[in-house]
């Protein structure tokens, strides 16, 4: 749950009082024009960026409490980056294992077993396990990154535009995986521009413009019947771009 | 004893001494160089300032000056080092200063996403540096560190000046008895050539072994 | 105790920097001439000449300066019938050695601009030599300035090793001051600091040249 989050960079206010909640097992999607603080919001939730004010809870744990161990808290939150950020020097399976062995301190055998399960869950087959990131396609990289976050058994997954660095055909395989995980009951908060995907997967869509959530609701009403003019404009714009791409 | 007999039997000791010096200096300077490089990037204000000062001084001083200070200078304030340790320490501090620069640049060249991903998994800074940043930085810095190893082989000859009985000081002493400078110094040069050539061959092999797809380790001198 | 008498030696040590700079400028100049020539031969010359130069570079980069100094002073120059003083040997050897390093610097610089620029020059109807002297070299020299600056600081520190032949440069004077006063730490520290300052002054000087001469928007920043 996020309450009243504020963040500024220099004299630019990026988050201007953001509040919402992702209930257990639910999938929430944040959409909005680029440069409106969506990535910053996700980074704040994982405490990768410190918010200026406001509070964040992970169930009963207040993440913004300065007394807590932040790295302890972060491992309970899975983060999937736009640019994948796989560790360049580790093979696919070792990328998934390293959090288990070095953070959770699991023995190698156990870590490997969990890693294998996570990789299979995101449809990364055995022959790719020992490949280095540079030898994988973008879609494969992103799925390994999802497996890496998943293996830590997070309470929630945060996806920061997980497909915006991918070609359209690779986008599909990644979205498919995210959807499957969501259907399995993975609590998720997703920032994306993929309208079709959002409408399929989301329990609620939130529209973020200029550091504020201006509108929220179930996918159908938000996409086809938005109450606010700026939401309507935003959807018109991205659908048009989508049409041009097709 | 003939000239060549005497020269070679003494050279044998000299080579062993040089290798002994390098066996301590090379690994120590690499470890110290990495440590100082890490301090220069991740240290607090005081650590950073001290580490930078260390690097400025020992990169700015010729190795010979550092060596004289280690052996003669420190004796003035009651620290008496043996020739071997004065030479080893001088080489270590000098080379680690240069190596820390390679390490620092390599760390800075690693993209921010690596650190973000490490932290998002719940890694503490020390774990992140040890298992994510340094394995990558070391690979990027490897050609530079390799050059430093070659330099250490060459500059170990300066240990002669404080009286370490290494290759070059054997050459000097044999030449002073027999006065055959061509034979003596040409042979000495060939020994160093053999050592540096083998070292750079070994380093190339090691670099290939450490290579990982997608890694750009081809950093210029 | 002897600090008062020591102050007498300060100007004496400072004067050594002129000798050191003399060694450096001489060595850098000779090295420049050799470096440019050899780099051109390595890029454009015939295979035999290229081989010879590779051998030269291998020799001078693979042996210690101190060995080279003795080899040339006591063996090679006498064998060639050259009556070389300590000073001329020092400058020549520093130059020959720097030439090996500089040839690699220029070779890299030429390599980084060669292909397209050569094609363009040829397309204008320039002869090979015209293209090299008026198109390739002026650019290569500019690109190489930062590395030449680095070469300056290397050769400055290496010049300290020439004290072994008794040149009255910084190191020798620091040593005499140490012997005369019975204090080693201070004269060597002062010598070290002078080297440090000379390094910074030189680097600033090369930076100025670089800023003045550099081609706007050139890639090698």
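Points worth noting:
Letters A, B and C mark the chains in the order given here, with residues in each chain numbered from 1 onward.
Here, contacts are C-beta pairs under 8 Å (C-beta built on N, C-alpha and C of every residue); 3 or more make two chains touch, one makes a residue touch a chain.
As the structure is a prediction and not an experimental result, all values here were calculated from the model.
Comparing the centres of all chains, each the average of its CA atoms, the largest separation from subunit A belongs to C.
Geometrically, the chain at the heart of the complex, using CA-atom means, is B. Separating the CA-averaged centres of subunit A and subunit B is a span of 45 Å. Subunit A and subunit C have CA centres that are 56 Å apart.
Subunit B and subunit C have CA centres that are 22 Å apart.
Multi-chain contact residues, meaning those touching two or more other chains, do not occur anywhere in subunit B. The touching residues of subunit B, when paired with subunit C in their complex, are 56-57, 60-66, 68-69, 72-77, 154-155, 157-158, 160-161, 168, 171-172, 175, 181-182, 185-186, 188-189, 192-193, 196-197, 220-221. The touching residues of subunit C, counted against subunit B in their complex, run 58-59, 61-68, 70-71, 74-76, 78-79, 104, 108, 156-158, 160-161, 163-164, 171, 174-175, 178, 183-185, 188-189, 191-192, 195-196, 199-200.
Residues of subunit A touching subunit B in their complex: 43, 46, 48, 71-79, 81, 83-89, 98-99, 102-103, 131-135, 145, 148-149, 152.
The touching residues of subunit B, when paired with subunit A in their complex, are 113-114, 116-124, 127, 131-132, 135-136, 139, 212-215.
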